[in-house]
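Okay, handing you the structure first.
The chains carry the letters A, B and C, assigned in the order they are written, with residues numbered from 1 in each.
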Amino acid sequence: MNYKTLALRRDGRILYVDFDNGPLNLMTIDMVGELFDLAGKLVFDRETSVVVLGSANPEFFLAHFDLEDLFRAMNDPDVPQSKYDDINVVQALTTMWEALPQVTIGLLDGICRGGGLEFLLATHMRFATPESRLCLPEASGGFLPTGGGTTRLALQIGPARAREVILSGRDFSGEEAAAYGMVNRALPADEICAYVDDLAQRVAARSAGSVGAVNDVFTKVYNSAVDAQFAGFGAESNAMRTLLGIPAVQEHLRQLAGLQDVEHELDLPATIAALGGPTAARQDTARQDQDTRSGS
Amino acid sequence: MNYKTLALRRDGRILYVDFDNGPLNLMTIDMVGELFDLAGKLVFDRETSVVVLGSANPEFFLAHFDLEDLFRAMNDPDVPQSKYDDINVVQALTTMWEALPQVTIGLLDGICRGGGLEFLLATHMRFATPESRLCLPEASGGFLPTGGGTTRLALQIGPARAREVILSGRDFSGEEAAAYGMVNRALPADEICAYVDDLAQRVAARSAGSVGAVNDVFTKVYNSAVDAQFAGFGAESNAMRTLLGIPAVQEHLRQLAGLQDVEHELDLPATIAALGGPTAARQDTARQDQDTRSGS
Amino acid sequence: MNYKTLALRRDGRILYVDFDNGPLNLMTIDMVGELFDLAGKLVFDRETSVVVLGSANPEFFLAHFDLEDLFRAMNDPDVPQSKYDDINVVQALTTMWEALPQVTIGLLDGICRGGGLEFLLATHMRFATPESRLCLPEASGGFLPTGGGTTRLALQIGPARAREVILSGRDFSGEEAAAYGMVNRALPADEICAYVDDLAQRVAARSAGSVGAVNDVFTKVYNSAVDAQFAGFGAESNAMRTLLGIPAVQEHLRQLAGLQDVEHELDLPATIAALGGPTAARQDTARQDQDTRSGS
């Protein structure tokens, strides 16, 4: 398993996967492909019982989905959109990771935004340093998180707090994320690795039968939420197609794509606010609004 | 939009609505009518994207539903009970506000009890100062929150904490409310307005298409909970009709109605305890109990 | 009501039930029988409106299900497994307690593990001192909590935190349990009794009609989760039958049964880790794994 965007390291039954994709750790189409490939291998991997997902980049856990690749995916008919009718590629990726027989643990110490946070929300457990910054900036660009993030956040932390996170578009600290239930807990930077290592080793010591039985009970308990989840995914995908079709939204994203560098990404919410794109987008949207609503 | 019980103020796409109904800010039938009227206008108002609900009264955000008006509504066949068969008027009001296309934000700095808290629980997001006092006193009067509050609290914070809040009948601080998930978070009195203003402005900057899409996903995700919500509403309404028909409960409420002044309302739980009504009510209820249960 | 494993004390309409079963407060078959008996009497007891569940043992609230009795129940065809096809005896017990007309309150100041914690999770409200230790050690022994605990924890605190608690198998403090939502809140040892007494007295002052109506609304609201709960119970039971049939798991439990004393139980997770059983169990499970999965 040799990947361009993922650094792998094994410790017994634990596989450490570090995102390692340039100065921003952008979630590119290449990374998505490699994450699909790795998941496919893990399904049949009886030697690995725990996967710890971290970052090789001290600042960016995952910046967000690469906007250049977003345009490419939107326009290239050869890029597969999804394995299913109503699910887009990031929804399918996160659902596949969520369904792995291994236990996945996210270890966040840095910046995690957009599609990166949508991926983190699909890990089985997740931990963050208090200084980490978690953000779903999509709504401030005229669209919405469509990699399962709108749906999963609503299910995980309830509609009141999920609306605040998604509609504010601001950075939330790891401390805030723990209080809202987006991560299991916040842990100081000099403790988080030891805590996660200890947890990973404990989980790795469990028998496959025991972990599989817990998974099976959880699946049965949440079976009734599966319809809700896929209905949410469908609504995300439909909205994305409509909203990304709005010229002002596309123009805003194209401007933002030109600013995909460390300087502008460190405080992405401020960069977006400075662009002033959403306001322009809004006026355009106002006209198209009725179509959107009547279609939903 | 000129109202007797609501003070309105506009800032761009943000509408600030302050409850302003006498020294107690009682939720009267007049206020309910005006809140229906305002909601009806907001449904078609494309200029307003955020509604911030606060109070013009420094002590009382909303004291509770006016007991005099409760008697009037119970006895006057001309007061409409509900728009639907199984839903009472406050359940219908809160459901209508919950379904508005605007994003609603509650800003609580003071006392919020009974029907007032039931209204607050139906806002899309809500924030409170640590010193705020939130209380559902109904059970200590021999009945239960029937404006959707029993149902919404169970769905929002889970049955264990909801039972504690409803059955204790005591004041919970804003700090406790945040820990239990009744509000998004607690914020110091000198920070809460700035926080909510900043959030409101961020949300107001979102395009209608983006906010509408998030609403649509949330609706799809929670569609399966709608049946649960309306089943809960029906059980609230049925129980209210039965319990308010008990002479000892009526007598207790009549005594309490005579104490609807600032002095007795500041520590309402103590006022209710001093009346000793529930004990009397219990003995009466004991006899009627079997009928209630067999009917449920 | 004279019991061997439960100490009862009455204060008006409040019944205090203290677990009192030897130096470890093990949940034995005798205790399960007495808890069934007590619940059966409470169903028809109109004088009791609140039940506070505590411990007569300063260290152990409830250690866990007695392993000797577990073997006895597994091998003795005369021990009734369950009242229902798909539910085992502890699931039936906790479900019966959950459905009582009284309000039940758990007061935890000490160690509560395994089946004891599964019982605590079925109380209507629960409180713990910060120093209390809550643990589900089953997965570290090659099986899983099967008294409703895997299912209830997933429903109560969400899958991410429930997985951490169940798969780590470590002790969680009362403070951590409150942050994760396993208990209503943590309260200092010198305050918890006063807090619970005050709450119990408030609840005892409520009319039966009022409490019954709240119960009825909650039941209607969570009706849609009942299928999920029983599906989870069924999966727990099936997995237990399979996993407890594995020789290495049985051998591990037999070793552990020989260590059921205060010295080894105080830090049970360490005792289990020292045994090294799960690793052996895992290898055995690996071979049986396919059968388990294909059967689920």
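By definition in this document, contacts are C-beta pairs under 8 Å (C-beta built on N, C-alpha and C of every residue); 3 or more make two chains touch, one makes a residue touch a chain.
Not measured: the values here are computed from a predicted model.
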Considering only which chains touch which, how would you classify the arrangement: line, ring, star, complete or other?
complete
If you list every residue number at the chain A and chain B contact, are more than half found on both copies (same) or fewer than half (different)?
different
Per the C-alpha centroid definition, the whole-Å distance linking chain A and chain B comes out as 35
What are the residues of chain C that contact at least two other chains?
224
Parts of chain A lying in touch with chain C, wherever the complex brings them together
46, 103, 123-126, 156, 181, 184-185, 199, 202-203, 205-214, 216-224
Along chain B, where are the residues that touch chain C in the complex?
138-140, 142-144, 150-151, 154-155, 158-164, 166-170, 179-180, 224-225, 227-229, 231-232, 234-236, 239, 242-243, 246, 249, 278-279, 281-282, 284-286, 288-289, 292-293, 296
